[in-house]
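Remarks on the structure that follows.
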Amino acid sequence: MYTEIIMDLYRALIFDKLGINHQTEGYEMLSFESDYIQGAHEKILSRLIETNMEPLSGYGSDKYCESAKEKIRRACDCEEAEIFFLMGGTQTNQVVISSMLQSYEGVAAAHTGHVSVHEAGAIEHSGHKVLTIPGHEGKIDADELSAYLKTYWEDVNYEHMVFPGMVYISHPTEYGTLYTEAELSSIAKVCSVYHIPLFLDGARLGYGLMSPKTDVTLPKIAHYCDVFYIGGTKVGALCGEAVVFPKKNMPPHFLTMAKQKGALLAKGRLLGVQFDTLFTDDLYYRISEHAIAMAEKVKEIFRGKNRRFFINSPTNQQFIILENKEIEDLKKYVKFDIWEKYDENHTVVRFATSWATSEEDVENLRALIQ
Amino acid sequence: MYTEIIMDLYRALIFDKLGINHQTEGYEMLSFESDYIQGAHEKILSRLIETNMEPLSGYGSDKYCESAKEKIRRACDCEEAEIFFLMGGTQTNQVVISSMLQSYEGVAAAHTGHVSVHEAGAIEHSGHKVLTIPGHEGKIDADELSAYLKTYWEDVNYEHMVFPGMVYISHPTEYGTLYTEAELSSIAKVCSVYHIPLFLDGARLGYGLMSPKTDVTLPKIAHYCDVFYIGGTKVGALCGEAVVFPKKNMPPHFLTMAKQKGALLAKGRLLGVQFDTLFTDDLYYRISEHAIAMAEKVKEIFRGKNRRFFINSPTNQQFIILENKEIEDLKKYVKFDIWEKYDENHTVVRFATSWATSEEDVENLRALIQ
Amino acid sequence: MYTEIIMDLYRALIFDKLGINHQTEGYEMLSFESDYIQGAHEKILSRLIETNMEPLSGYGSDKYCESAKEKIRRACDCEEAEIFFLMGGTQTNQVVISSMLQSYEGVAAAHTGHVSVHEAGAIEHSGHKVLTIPGHEGKIDADELSAYLKTYWEDVNYEHMVFPGMVYISHPTEYGTLYTEAELSSIAKVCSVYHIPLFLDGARLGYGLMSPKTDVTLPKIAHYCDVFYIGGTKVGALCGEAVVFPKKNMPPHFLTMAKQKGALLAKGRLLGVQFDTLFTDDLYYRISEHAIAMAEKVKEIFRGKNRRFFINSPTNQQFIILENKEIEDLKKYVKFDIWEKYDENHTVVRFATSWATSEEDVENLRALIQ
Amino acid sequence: MYTEIIMDLYRALIFDKLGINHQTEGYEMLSFESDYIQGAHEKILSRLIETNMEPLSGYGSDKYCESAKEKIRRACDCEEAEIFFLMGGTQTNQVVISSMLQSYEGVAAAHTGHVSVHEAGAIEHSGHKVLTIPGHEGKIDADELSAYLKTYWEDVNYEHMVFPGMVYISHPTEYGTLYTEAELSSIAKVCSVYHIPLFLDGARLGYGLMSPKTDVTLPKIAHYCDVFYIGGTKVGALCGEAVVFPKKNMPPHFLTMAKQKGALLAKGRLLGVQFDTLFTDDLYYRISEHAIAMAEKVKEIFRGKNRRFFINSPTNQQFIILENKEIEDLKKYVKFDIWEKYDENHTVVRFATSWATSEEDVENLRALIQ
């Protein structure tokens, strides 16, 4: 409806001419606190404005949702993928897991998995146990998973325990680590032996896909997983996650189950327009790539100053072991996340970059690290 | 941070200079389908853009949420009100009701109440029965409520039934009708006799407050109710409802209970900025007033053409009895909602106006009604 | 293992020789309060004693459970019926309904149905709405049911409402009334058109089957219903209901779903032995028949004294309209249930007989009614 | 109502004169499979028969329930204890835990705890996470519990995790081990520091109380715990657990919450009579003592034959490490429980005694162990 020229002009007017909002400069404090501290990518905002007054029907039935789904199908190289937009990570995990499990089933996950620890018990609140298996830097191991499932099914009393009905992995994990294609394939094979779906939590998926260290692509994820989501909230959107069922396996009446959990947005356009924009001209990939470039610089800053890394993360979250004294000093100038105690004098901290991290931010950080 | 002058210039640039988005003109079809068919008020969009790159902490702990809460407190004339932002109506009803009820309690509501009928069983999904009492054009009657509660508590077997633990009303109701202050006061009195909270669903609250026919104000609602919400989704926002606990009675750990239900937004700013804008310079009232003015014109159009009204609604939803043949014709040119069968040849339809309805929309509608 | 001779001698010793427990005589007050005021039929007690020390494996895997199931299959004339024993009515309704419904489905029931009113919200507690349709003396009407389902599925917004996923009826109903075979067949037909199961709550099933007014038999129930239960608690057992799935349609892992709800008894033998006894030598039918004979006498007593009946009940529950003054007097000598207010001066009361009601009880009652 | 003389005569008639049911002799196989393989103690059966025809009101409101509660209060040396009878262990754990927790709270338990592993997810099904902490031979450690709670509350993100709202211990544990009074006191102290209740699962409580190795008594449990239950199912009853709230802290409307979970028995007398009998003349203690004596003999049998013990259990469950070959042989003559793999050639097995284990059973076992 609008030509590209007008759109560009338009964005120029909004963002460039007015000279605002292009940087965090002038804001209260430098922040690497997390990857959801800023709003949305400017193209998303522009698109929301352009489509704003168009009357559209509700609950995800509008044309922008359709268009976004079509683009995601193409990005996944999966024509028959079914897609549903939800608002945030915990909500998505709860809706997906509870809609795919039978009431007597639980979901197997790393003991450090987001669903295990940081969702206020949302999975259990929906009636399902999170069955923890060991996490290794956030990842589960196919052999350990297989052994766990074998033991379960061999137990004569298995009917008195929670059935493992799904496997949950996050990619990138909560520790920024990534599965290789071989690992993903092995886990998928175990799942298929036990006829249970593999669910990949991609809250930070873009940052995983754009890591220089990965051989995992979106089509491969669609190939190996039974359901996964493409995170928007942490990758350029105001809110929103795109759940993908690549195998014609969306549970019937998923919309109603989402609504029942308060997860159906009246103005579904808000999610449709955002994902339509993210999957236009590779925006999702490009902004993720930028975040990774910024993360590599952050890494180099700390490495250059001989700080130790807690984990060798190839994505946008960097975990560094700092002296408690240094932390106290740094906190005055930059926000970051306190991860966990390392020893009496040291603590693990997390510095996260995102689509919104600017070169200036990184240089400002560099100046702070002695 | 930005002066009003810059802001105005800014909005002028975005909306006026580019000459777009100010009207629905050019869109596929005239629509009175509902009050959530357009995006957000331009001031909200502007404000989202202005604050977009500012790094803010998550989950509603940012300064815009704080500012919005403070403004709402003032609008409610209730300094000690506690406020929480959620994303949509069904979610809000579910989170509020389930967090305030004991597990053995249900919520009493009109049989036509939104929670009774149109939320896919979200309340029951959270474990609580909706105890229906008669609705009269969407409203419940204090005497009938009282009789219902009296009967319940006099039953020797009351412990074997669901305890009525809350009263739910909507204002405006699903039929566009409004409680008078006297009615609200009577219902509140009954609730207080039985020590149960009164919850007012204000998904369309602005349209109720700005009706010329009402004597109910926001401070009065804060006075009579134990909890209520100020609807954003249907009144100018992209999404969002502001839950108000006016009596220092927000359930402890409400945030965690919201998160457990997937209702806690990572970028809480999205809700904070919107409500902060809606409650700046009376925007919420002004845009609601506009919707009411448009609704009055719609009413006048149909009345002028001798169409019958199903309900005499003083708010933004108008219920008209049309011949089925006319409906078929009209549907080619304008979208509206089919409400219910009236008789063999007639059907009740709903025309909804909103903050986004333009004079042109109404005039276009006028031209269609013969 | 024990010959009939020893068993008879044994029972003679226990019950007859000692001359106790054969009647309610000597107990504090004559009681027609309900059909669960006494323990269990003496044959059940004898059988529990005989099998008491036999080591049996738990959770319903013992031979008495197997034998009981086999006998019930024969009584239902349904070789492939799957049977599961649970402990009480509310538990059974909750476990059956929640295990057969999808999360987005509710159960349609008469507004007077036990699940609608008298189970403390157990169905909603398990996440499912009870969708009430009109009850006529406790019964639902096939045409009204059909109209309800038609309206639901024709609604364009049906996905935003609770799907009707099952139909619940009680037989006898809470008012003692019975469906005819024709009525049962019509309701089953409607269910089959909409592909939803028909569930019959037979908490008092024996009393329905033995009514002189019925043309419904156990095999017919197994034919028309998709699931039903044969009540034990109210028909001679200490506790226990036998759930029957006549169409190879027991939900997979029903045992685990029962256990999850705390409904799996460790000593499953307690239920197996009881139902095995009830379905030996037609005990279930014979004791039910006795209760009906006693109810007919009660009826005749009140009719003979020109008392009005609230409902013409053909089963063990009799609903009589008495003057409030008479109620006050009677209450000193006999227990009965206050049902509901009839008018200012009259109240509906219920007199229930059971397998345990003796001729003496009835004669004692006769003496009280002037 | 009946004199002791008649009662004794009566039992003599039932059990002794008829010469049946006093032993497992003649049954298919010697069994140490579990402590719930036989029915109920003969005194319980006698008492059920004696009270059988007495008309009693339902749902636990009868005089036998009252009497049982009074006797339990005395046994606990706790006059103000509130008591509620439920039917089985999983049900009791679910009802107690879910009724005492807020929706945002979970229960901390040993990773080997019954609620963690063997209840088919009943706790999660009721919406609450089981927060596992290390189990040491089934027991939790007060210091580890304290450290866990401290870490939780110091986490800045604690509101995004499940609140530890209760501590669950079993006594005896699933491994037959017992807490000392000092340990119990330490755990109780930690709970009190964090203001969370301590819940003791006493499914096998009698066997713990009668262990020669314990310094924990029923009054001490009532002193240290906030809620506990006295197991009946495994200690002489057909079914039934007595939940004790010793500190006037029974959650309001506990009966309704039990009913909502299908846990309220219509014929509450079944539980009342059983517990009244168990707490008459110290029956509960005496039969538990017998089981312990039998367990000591079992221990001595295996020790005498130089079998290794997996755990040094002072109660009725004995865990022995046997060669796989020996297990295969033994299985032909005696039932016992396969616990877990020990190494390639050995397996841990469990032999359980109970109130019903006879000297003959033990001697028969002795003959089998070479």
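The letters A, B, C and D name the chains in turn, as written, and every chain counts its residues from 1.
Everything below uses one rule, namely that a contact is a pair of C-beta atoms (placed from the backbone, for glycine too) under 8 Å apart; a residue touches a chain by one contact, two chains touch by 3 or more.
All of these numbers come straight from a predicted model, not from anything done at the bench.
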Touching subunit B and also subunit D, the following chains: A, C
Most distant chain from subunit A by Cα centroid: C
Rounded Å distance, subunit B centre to subunit C centre (Cα mean): 45
Rounded Å distance, subunit A centre to subunit C centre (Cα mean): 52
Whole-Å gap separating subunit C and subunit D, where each centre is the average of the chain's CA atoms: 32
Set of subunit B residues in contact with two or more other chains: 103-104, 119-121, 125, 127, 159-160, 256, 259-260
Subunit C partner contacts - residues on subunit D that touch it in the complex: 2, 6, 10, 13-14, 17-18, 20-24, 26-29, 31, 33-34, 36-40, 42, 45, 48-58, 87-95, 119-122, 125, 233-234, 238-239, 256, 259-267, 269-270, 335, 356
Subunit B residues within the subunit C interface of the complex: 103-104, 106, 117-121, 124-130, 132, 156-157, 159-162, 338
Complex contact set, residues of subunit A against subunit C: 59, 98-99, 102-104, 127, 159-160, 163, 252-253, 255-257, 259-260
